[in-house]
Structure formats: C-alpha cells, structure tokens
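Comments concern the structure below.
Lettered A, B, C and D in written order, each chain numbered from 1.
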Amino acid sequence: MMELLITVFSATFFVTIIRTTTPLLLATLGGLIADLGGALNVALEGMMLIGCLTAVIVSVYAPWYVAVAAGLGAGALLGLIMAFFAFRLKADIILVGFAINILAAGGTVFALAIATGGDKGTSINLQSKAVPAVDLSFLSAIPGIGPVLKSFLSGHSVLSWLAAFLVFAVWYFLYRTPWGLWLRGVGEYPAAPEAAGIPVNKIRTLSLVVSGALAGLGGAQLAMFNYVGFTRDMTAGRGFIALGAVLLGARHPVGALLAALLFGAFEALAVVMPGLFNDIPAELIRMIPFVVTIAALVLFSIRAQRALALRGVK
Amino acid sequence: MALLEAIGIGKTYPGGVVANDGVNLVIEPGEVHAVVGENGAGKSTLMKILFGIEQPNAGTLLLDNRQVHFSKPREAIDAGIGMVFQHFSLVPSFSVYENVVLGSEPRAGIRLDRQKAIAEVQALSDKFRLKVDPLPPVGSLPVGQQQRVEILKALYRNARILILDEPTAVLAPQEVQELFVAIRSLVAQGKTVIFIAHKLPEVLEISNSITVMRQGKTVGQVKTKEVTEKSLAAMMVGREVSLRVERKPTEQTERVASVSGLRIVNARGTEVVAGLDLNVYAGEIVGLVGVEGNGQAETLEAIAGLRQVAAGDIVVANQNANPLSVLQRRGLGLASIPEDRIAEGLSTGSTVAENLVATRLNDSRYVRGGLLDLKAIKANAQKLIERFSIRVGGPGSAVGTLSGGNMQKVVVARELSEQPKLLLVNQPTRGVDLGATQFIWRTITDARDKGAAVLLSSADLSELLALSDRLLVLYRGKIVAAFLNTPDLTPETLGTYMLGLSTQTADEMQAALK
Amino acid sequence: MSNIPAIDRNSRWKTIRREVGRAVGALAIALLVTFIVVLLTSKAPLEAITQLLTAPASKPRTIGLWLDDVAKLTITGLAFSLVFQARQFAMGVQGQVYIGALAASYVALSPLGASWAGIPLGITAAMLAGAIYGFLPGIAKAKLGANEIVSSLMLNYIAIEVCNFLVRTSLPKPQPGVLTTNDFPDSAVFPQLIKFDGLNVTRLDLGLVFALIAVLVVWFALYRTSWGLKLRLVGHNARFAEYSGIKATFIMVSAMTASGALGGLLGSMFVQGQGYGKLTVLFEGGLAFEGILVAIVARSRPLAVPIVALFYGYLRQGAQLMNIRTDVPAEVIGVVTAIIILLVSSSFSLNFITRLFKRSPAPAAAPATVGGAAK
Amino acid sequence: QEYTKDNPLKVALVLHGTLGDKSFFDDAAEGMKTAQAELPVTVKIIELGYDRSKWQAGLADAADSGYDVIIAGTFDMTGYIVELSPEYPDVKFIDFDDAPDYSACECKNVLGVQYTTAAAGYLAGFAAAKISKSATLGTIIGMEFPTVTDFKTGFDQGAKAANPSINILNAVAGSFNDPAKGKEIALAQINQGADVVFPIAGGTGIGSLQAVKDSGKLAVGVDSDQATIFASSDPAQADVIFTSVLKKVGHSLNLALKGTLDGTAPYGSRQLLGIKDGAVGIAKNAWYEKLVPADVRAEVDAIEAKIIAGEIEVATDMK
C-alpha cells in the first residue's frame, strides 16, 4: 500500500497522468463541441485513429508540426464528411458515426499497407517523428521548490500544453464570443438561431469539423508522443471513453478537463498497479475506468436528485 | 401608397395541401393590419412567405412598390421585416439579452460586448414600453415576457414591419393590454404591424384594417371601423355564429373534490402554490382566474397526480388522493384536458385510435389479460370520431397529421367520452377557431349538466366568464378573491385582483368559497 | 364514414410500396459501391464480384452460415428495435451477449448441462442474466436519470472483461491458460437443423427457430399487448404517457430488461450454437452492434427486422467469402461496409435518433394528409 | 502422388488475423515464400481478420476449396481443425504452435507443430540478468496463455540461474495492439528500476521497445529477430535490442511441407520442436556481439549446449 501511495504522489506518476490524459482531453473537447452543437459524435474513435495514421505518415516527410497539422486536418475532413452525410443527405448521424469508425478501422490498415509497401500491422518501417517535449529544466535553478517544479512541469508534450490552453480557449469561445453563443443556441434550440438568420447547418457543420480536428489532434499526440508510430487499432477505445467524459464532465470544458484527468489517472494507475501488485488480475484492473465512469455517473445523478429533493420537488 | 403588397400568392405544400390560393394582402405604412380566419385558413403560411421561410408557388411580393423575393429569413430581416412566431424561437437557457442580440451581436474584438448588448436591450425596452429584465434566462420568464423578448428581437434588427402570429393566444388580459400599449407605441414611432388573432374583440380593438381569409383564399379586406364582431365572424366562417353558452342553473349537492393547505414547489425551488384551499361540487364549473404562472396549472397537475406536492391534502370522491397514482385517480372518475395538447395531451406519432384509449389501458373493454382488443379499440375510435366530428382520415391516421383544432377535439373526445366525476380543464380553446371553440364549450357544459365537477383554468377571461359558476382568483399561489358568476361581474373587476392590486377579506370570499 | 377503412388500407399499401422501393434502391447502391471498390483493388474483379453475389448461396454449408448470421442479426436487431421504440438509446446488447453467454456456459459445463436440461436451462439462464444486465442501466436511468448511452457502453466493456476473467480463471479448460472453455456436452449444444450424410456441413441450428419465434413474440408484444402500446406511447411522448397514467419509467425499464433478455438469448445462441459449442473470449466479434444498422433500416419494425437481416446477412457473408476466396483484402471489406452504411442511411434517414440528440422540442414533421386538406 | 512445378502441392495458410504483425504471422508467411521458391508448392494466404466468429467458417471454406494442405495455427484454430479433419480425410492439416489431443480424436491427417520457447527464453533471461546493473528486469505479457507465458517461464528461470536475487517485474497488458499502453507499462517498469525489458506482447510490445529506446535501457525482442527488423528504419531502436527470443515458425513450416512432399512428415502426431531442432533460439546477431560481453556470451553458449544435452531441465508451460 505504502508503495502505491509513494508511486501515486510522485512526479513521474504526475507526468504519466498528463501524458495519458492529453489525447483523451483533446478528444473530449472535440466531443464537447459537437455535443453542444447538438450532434453526438460517436466517430471520435475513428477520427482519432485516422489522425494517428495521417500524422505518422506525414511526419516521415515533413517537420513534426506539419505532421500534427495534418493529423488535425484529417480529423477535420472526417468531420466535414460526417456533416455532409448527416445534414445534407439527412443520414442518421449515429449511423454515420459508426460508419466512420468502421471506415477508419479498415481504411487505416489499408492505407498503412500502401504507405509501408505491405505492412498491415505497424509503421515501424517508417521513420516517423515525435512531438517534442517542452524542456523546463531552467526551473530547477529556482531555489527551494525549483527541482520539484521542474520534475512536475518539465518534459510534457507541446500538445499537452496546447491542450491545457485549449480548455481555456474552448471555454472562452463558448461563453465569451458570439460564435459560442450561436453554437450553444444551435445545440439547444435550433429554431431560435434559425429565425435569427444564423445559418444553422453551417454552424453544425463547423462544429463537427472542429470536433474532428480536435480528435485528430488527440490522435497526433497519441501517435507522435505517447507512442511514436502507428499500429492498427492503436486508439483502443479512447474515443468512446472521451464520449463518456463529455457527459461525465457535465458538458462544460472544465468538467471535460476533470473527467479526462480522471480517466487519464486511472489509465496511468492501471499501468503502475500490476508492477506493484502482481496478484491483481489484469482484467479487473482494466475494468477500473469503466466502473469509475458508471460510479461517477450514478453519484452525479444521485446528487442532482438530492438537490431537487432538498427543494421539496421530489 | 402600400408599404407591403402580396398579389395572387399561391402555396401548395409538398403533400399537396393547398394552403394559399391566390391570396392578396395590402399593408399600408403605419397601420395595424389584422389577418383573421379559421384554423387552417392559411394565415400562418402567408406570414411565413412574407418572412422568407416558405417560398410561394405563385404570386408576387411588393415592398415599397418594388418586387422582392425572400429565399430565407435573413433576407426578409435585412429588408426590415420581423416576425414573432406562434411558437417562440427563444433559447431557454440563454438570458434575455443574449436571445435578443443572437445573430447580430455587438462585438469588442472577438468578444461579445456584454455591457453594450445589455444597454441596447434596456434602451429598446424603454423606448417601446416593452418592460423586461435583460439578465434572467428566458426559460424562467412567463410567456408574456417571453413574447416581449421576441418583439425586442425584431426591433433590435430594425424591423419596420412586425408580424405577430397569434400573439394573444397565450396572454392574460392584462398582458394583452400591455401588448396593445406596446403595439400602439410601435405604431406611433413609425412601425407597421401585422396582427393575427382568433379573438375578434381583440382584433377590433387594435387593428386599423382587417383581411379575412377562408380556405386559402382572401375573402376580403375591410376597415375595422366598418365591421362588427358579428359581421366579421360571418365573413370568416361563411355563416352566422354565436359564442354564447346556455347554462342551466346548477343544483350543487355532493362535494367531489377538495384541496386543503396545498403547497407546491417548482424545479427551480420557488413556491408556486402557497397554501391553497378549495372545494368543487358536482354539477358546477369553478374557474381559476389568474395571470399565467400564479399556480393554476400546477394546482390542476397536482390534483391529477402529475406533480409532487410539498404539503397539503387532496381528496377526490371522498378518498385521500395523495398516495394514489395518476391511473388510480382516473379510476375515481377524474378526467383532464391539459394545457399543451402536443406536449402532454397527445402522442402525435401514434394513431387516433391509440390516442383515444391511451388512458384506458386497464379497462377490460379494450385490454383483456394484457392483450389489446383491436376491434373494440377501433370501434371506440370510430364512435368518438363521429360523435365529436373529428376531421380525420380514419382511426388509423397518425394524430400528428391533424390540425390544431382537430387535435384538441381528440383530447376532448378521449376525456369526455365517458361522463367524468371530476373534470380538470386547462386552456381548452387556445388557438382553436370559432367553430371548434363553440363545440368544446358546449361539450364542457354538457358534462357539467350531467353532474361533473369541473375545474377550469384559462387565460381567456371571456371564456371563464362564459362558462364558470364560481370564479376563484389566484395571485402568487393563493386565492385572493372569490366570486359567484353574476352578469355584473366584469373582466376589469377580476383584473384588479389578478394583478394583486387588491385582496378580498375572508368574509368577502366566504359566499363564493363554500 | 364507410370508406375510411379503404383509405387506411390504401395508404398502408402505399407505405409498404415506398419502403420496399427504398430497400431495393439501397441494395442497388450498395452493390454499385462494392463493384467500384472491387474494380479498384482486385486483379480479378469479375471473379471477386461473382463470389460476392453467389458464394453465400452456393453450398449447403455457406447457406447455413448465411442463415446462422441472419438468426443472430435478427435477434440483435430486435433487441435494438425494442429499446428504440421506447426511445431509449441503450447500446448494451453487446454486454448482454457476453453475460448471457457466461450464464449459459456455467449451465452447460455443470452436471445439468449433460442432461436434457442443458439447452432449455442454458437459454433460460442466459436470458435471465441478459435481462438483469439490461435492467441495470434502465433502473439507473429511471431512478437517477443516469444517461443510458454511457452506462450501457461502459457495461459492455465490463462484461467483456468479466468474461475474459472468468474464462481465464474459473471455467474448466482443456489446458491451463488457454482462453477457451471445454467443449460443451452435446446435450447442451443446439442440434443442427439439417445434416448432410452425417457430415458437419451446416452451421444451421436451433438458433434460427428461436430467432423466428422471437420475431413473432416481439411483434405480438409490441402491437397486440397493452404493454406494447404503452411502450410505443412512451416512445412517442413520455410526458403524455405519464399524463395518461402510464408508468413511463416502468415501461422504459421493462423495455430495456426485455431487450436485455434478447441480448442474453443471443449470447446463448453464440456459445451453445454449432458455431462454437463452447465459450471463447471475444467470441462475438462486434456482431451485436450491427443490430443498430438492422433496426434502423427496419425502422424498428419487428416484422421487417428478419427481412433486413436476410439481405444484410447475405451481403456480409458474400463479402467474407470474397475475402477468403479472392485477392480482395479484408480491410477493403470494412471500407465497403462503411460506405454502404453511409449511402444506405442517407436514403434511410430515420429521424428519430437524431431527434433524440437534438434537444429541439420540434415534433416530427407530420406528412400532409387528407385531414388537413379537407378543411 | 508426385508433385512438380507444373502440378504443385496446393497449400493454404489460414491466418486468424492479418499479416503485418512483424512476428508470428509474418514469419509464417515468410516461410511460405521460401517454400514456394524451393519446393513444388503454391501457397494462398487467407487472412481471416480478428473477428473470432469468422474463423471456423473461414477454415471450413478453405478445406472445401480443393487445397491439399491447410495450415493454421495456435490453440484458437485447433478445435476447428479437429472438427473438420475427419470430414476432409484427403486434405492434410498442419496445426502450428499447438496440437490436437490425439488420444481423443481421429486426427490422422493432422500434423501438430509445437515449440518449447522456454529454453530459448532461459538463455535470454540468463543474459539479461547478467548484463542488468540494477538487478531488476521487466516482462510484459500481452495476454496470458501458454504459448506466451512459456517465454516468460524460461526467461525467469534463466534470470534466477544467473542471479538468484534478481527482481523481475511483470505486467499483463491485456492486448496485443495497444502500443501506447505497452510504452506506459515499460516506462513504469523502468521507473521502478528495470533496466532490461522483455515484452512478449506483439504490437503492444513494440511500444515497450520504444520506451526502452527513449530511456536508454536494453530490451529483448520476441518471436522474430526484432533488431534486424528495426535496423534500417530505426537504428536507434535496433541498438537497444541486444537479442531476441526466436520462434522460427516459418522455418518449421517449410520443413513440414518438405516432409509432406517426401512423405516423412508424421501426420497423426505432434512434433514438439525445441532448441535442439533449431526451431527456437536466441538471435546471436551484431547487437548481441556488441552489447553482451564475451564472457557472458560464452556462458550462454555453454548453457545452450547443456540444455540440448539435457543436463539443464527447463520448465515449460507446453505440456
């Protein structure tokens, strides 16, 4: 037990959490934008996966930032495709989402095989690049807390810092700019913005494009930092967990951050636990994030009910 | 010279419904122009065409004598036309000012300039005498205020011509008066108003000229000064109508329902009913008078079992109803006509027949051993369709394909197909045309005459005065006045109590409280 | 009045014609897309397409595979149709399949499994377990308002892990460490419906019968019982249902529970069927989710579900056999499936799920009718 | 029957997955390629994908399609082979990395080819313990089944033989294709002091190797010679893989086909191939030479000889 506590409160564990959280957080923000615009984006998983592959392939030929942008662009393009089918061709958006996931699972392997000349499993024959870590070693020069600061803050991915900034940016966009107002209006009651002359379908389309872009960015982080390279199905359900995180985070950017951190922490914990407790079955450890989501969901709901009950409504 | 002119407008909906068929409309600048007609006459369709939501199949629009064509609302807005829909287009969780500026926000850099938006909304609201607080979320406001927000929205976009589609249907009399004050102030400041309503006295009061529509065609345009309520009604319907109900004197005997010490708290935590006591006897109609949001709707819902009560006792047919479910209360002979037929009175995706038995799924005539008796259900529907003259293809048609008036008839038919002991009625004729109104009124009084105890709530004072035997005025969840309905009781008298300007003493109320 | 039933019947025929027309159109689009993709990826496109179109019906064995798929797709399609009709977006069929399969396996591998009770008891246990697993997100939603999409998705993951865990640790295995249980005794495996010369050539088993029974039961429950009417009323307008005295929460929970029982049944059909006859980890391979597609194309109508499953199952089998027998790689099949779903759903837009997520109160655009024009 | 280039033996390699795993399936496919070049055979590779419900059907279809020999692998397919083989008595089945229970089935036309990798794992574990400075090793398992854990059983035994007080961390990833997770697990083990990591986890393990590269530690590759695989695309990665535990699937399948052609393959029984058959072993390549000191290499060679001679008994999960 002591060992676990020491691990959990160590700087390396913190750094691990940030690393596991970042792709999730980016996808969660993407899910949030789509959700507030009134579309449940079940395609986050596929968008992330295609983001991963695009970033990896492009990084072979271009600097890392171009590759990251390409991952982002691939996600955005998928968002556009999704919007086209859902809004223009009036297809069911959940079905479109599932279709994109299927497309991504098969398409990435197919494209990988073309890019590597036949490899269907991993991209290890491609010399892909990594997103650089931000080195804040100079912090250790600060007397006293310097070394601690350094060990906690240094070494995170550029995209981790970007993700943290994006939480703020998304919040500012949603609650301080006119376009955020439009987006929330479109999601909550489309008839109102429609009557106000706001192009509702354009807003919805853009929200899916941005949603896809953020998921693609999450994919870039996953395939250019968490692990450098691509393997089939490497997102391993993170897109669906992000979907849960959106709802768990009460559809608010700060909530999204907390929910993503929660899942990130459990992913990190699941990684360190078998090293510490060899006898806990791996299946049970892997179950933790899902059990926690349900527990949190139920607790949230109980709290909401109790708040109503306190006021004598129920 | 006409400001806005529609010539020979034709509109056929994709399903083949001819909603407009050579409609003409001439609007002079600075007037209040009313458009009247029965349900489905094509009024809303015409307005949607003027506002660019629907595209006409035929005809032309002239604005300032120049031909115009609006392919979307934005173009109409830019041309100076504003429209307030029958169903509001407001985002409930947004504040008033956010709703008003939505789509044309004042900006500071990329930020929405909150202060400026609030100031502008405040200024507009002062200028046109449309009092509303810019800050609270719109969802928390009463309908009357929501409507002002809608009007402010149009004015904020510099509308010269303001279309109001059935604005008074949801308003209390005082609110109607406030709306009229605002309309007059709009006109005084150079705006033009197109006004749609089913209540002819209102039309006669506010408008300068009137266009009458019937079955997708314009029957004619008249100066308001030159018509009476009666002649107008005849123009609309094509025959004489009278809106009077003959009420037999009641002989009240048995107490059917009583409520004591009722307290209700809403989801936002505010107390909406604050210690209410009332009794209803067999064979009488008790009217609940009040500006919307003073606890009438909640009281009716609580009696029906649809709403949790914080305190108090409800007795129906000598039984403590508090622990009883909706169905058990219905079993005691309770029937209820809800306020919003689409939201809670009907399942629009289900068939007419299914809607007509929805409240009787424990009845062995239609359900035996958990199995549906489809024959009986269909026969029941056919019988009721005939008895209540519902215009519908057949028992198997989806309710969603019916007009508003016919939908309301389905609700009434279901609730009154069997003689109820206690009938709860909320806004029975909202948005319903003259013919249907007359029919529904007669049905309700028939039920009373056969011994039902009726609790009636309505935003329409003339409806309350026409139907009720006793009237209870609610203000902030309490009864502040009670009257026996006598010919000398006027809307004005009720109005002072409705607005909380005065309160009767317990002695004064005594006679009408029983 | 007397001509009203005639109008009714007329419009019903019109609807059926329109729906069939749509289905045929969708099929044509699907085939066209497949042709194009195959032309682009295969060196012998003609051979590949011939396989796609003829392989499933070419031999008793492949017909068995196809119909076995149809049975399974029908059950998952029905499970989704039930919750969709109640307007719940529970995605838990996959989890129920695993839990149901576990329950069936415990029965089959117990002494009871070797007796005549192996099949009936296995199915009952599976349906009960599935029902409980469907009940959980239902009750969480009804009592606490916990979002059923998230809770059911999470329960799926949990069920898969529970299955992995129990197969690895507690169920009897042919050799230590393998992720498969012992073969079930024959008395616990669904008998084959058709045998050829005693050969094991077709997978077609009792599951198909259960699927057909399930179609009738679900149809009957939805359209001939008061529970079904209540369920549909709740699905159309839950507030109205409450107002009518229908316990909407009870209906929601019971719909999810019933759907769970179907999911459990599917679990038993997997592991007790000819395809496996034992429990293996990850045996379901994502088929449960394909029920969403089937249900949506069938517009949640129980009687349409097996018909859609028949066509979809054929395409699925054809694609699989094309992959096995020709040079079209497996991944291309995924891409084709995705494109087909996109195109088919474009013409089959069932607005209701979208409406679930658009928080707009706007009611369905009702088709214009005789009633409106008559005024 | 005589098979010639014009009348070749028709072989189908049925993979319950896809090519591109850089180890197991790819190696089998590689063996087929050699066979096709050297022997009168034609080989069709059928990739069934990862949906288990399609495996049985896929195998049956192959059996039904006129091939002379059907090759499929691992326990996942054994059951199906047992089921199908009596129905197709004229078709020969090769079941690699597993074998049917011959006492319980009529599998006269099935050849089981199994490997005891424990012995090779023993050699790698011994070398790893010798070169570890922290006396802490890490093993990462994809999923727990014998063909996987057999590597670890031998590895652990070898490591303890080299250093009885060695500390071996272990983790089960639960997946063979989550490299990000594999990387995290390896980083966690490195943080807990491990300086040699042995991932036995397919694609997940690829992530672990990357963690080892990033932290400048050492790793043992698995199944195929992973240093060589990385040599051209990522030399830095290759440079930390001091050896790999080899399971030479392709090589053994090639031999089995040869045996089939000349009639020596013992169909109806299982072949348990080990270090002395050359079917398993460790990669003694340039990196091994460079990263493992000569004295340790000499010890390893000595141990290998003893194992082959039966003087050292290596425990195995393969019964």
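One rule holds in what follows: a contact is a pair of C-beta atoms (placed from the backbone, for glycine too) under 8 Å apart; a residue touches a chain by one contact, two chains touch by 3 or more.
As the structure is a computational prediction, the values presented were derived from the model and not from experiment.
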item: B-C or C-D, whichever has more C-beta pairs in contact; value: B-C
item: Furthest chain, CA centroid comparison against subunit D; value: B
item: Geometric centre distance via CA averages, subunit C-subunit B, whole Å; value: 45
item: Inter-centroid spacing, subunit D versus subunit C (mean Cα positions, whole Å); value: 38
item: Chain centre separation (subunit A, subunit B; CA means) in Å; value: 47
item: Subunit B and subunit D, separation of their C-alpha mean positions in angstrom; value: 77
item: Overlap residues in subunit C, where contacts from two or more other chains coincide; value: 164, 168, 329-331, 361
item: Residues of subunit A engaged with two or more neighbouring chains; value: 109, 113, 120, 188-189, 191, 283, 286
item: Interchain contacts, given as pairs of chains that touch; value: A-B, A-C, A-D, B-C, C-D
item: Complex contacts: residues of subunit C adjacent to subunit D; value: 59, 61-62, 65, 164, 168, 174-180, 183, 199-201, 203, 270, 275-276, 278, 280, 282-287, 320-321, 323-325, 329-331
item: List of subunit A residues in touch with subunit D within their complex; value: 12, 16, 19-20, 109, 112-113, 118-122, 124-127, 222, 226-229, 231-234, 236, 267-268, 271-272, 274-275, 278, 282-283, 286
item: Subunit B to subunit C touching residues, read off their complex; value: 13-18, 38-40, 215, 304-306, 325-327, 329-330, 336, 338, 342-350, 354, 357-359, 361-362, 366-367, 370-372, 374, 382, 385-386, 391-398, 400-403, 406
item: Subunit B-touching residues of subunit C, taken from the complex the two chains share; value: 1, 4-5, 7-8, 11-12, 223-230, 232-233, 235-237, 239-247, 361, 363-364, 366-375
item: Contacting residues of subunit C [partner subunit A, same complex]; value: 140, 144-147, 149-151, 153-155, 157-158, 161-162, 164-165, 168-169, 289, 292-293, 296, 329-335, 337-339, 341-342, 345-346, 348-351, 353-354, 357-362
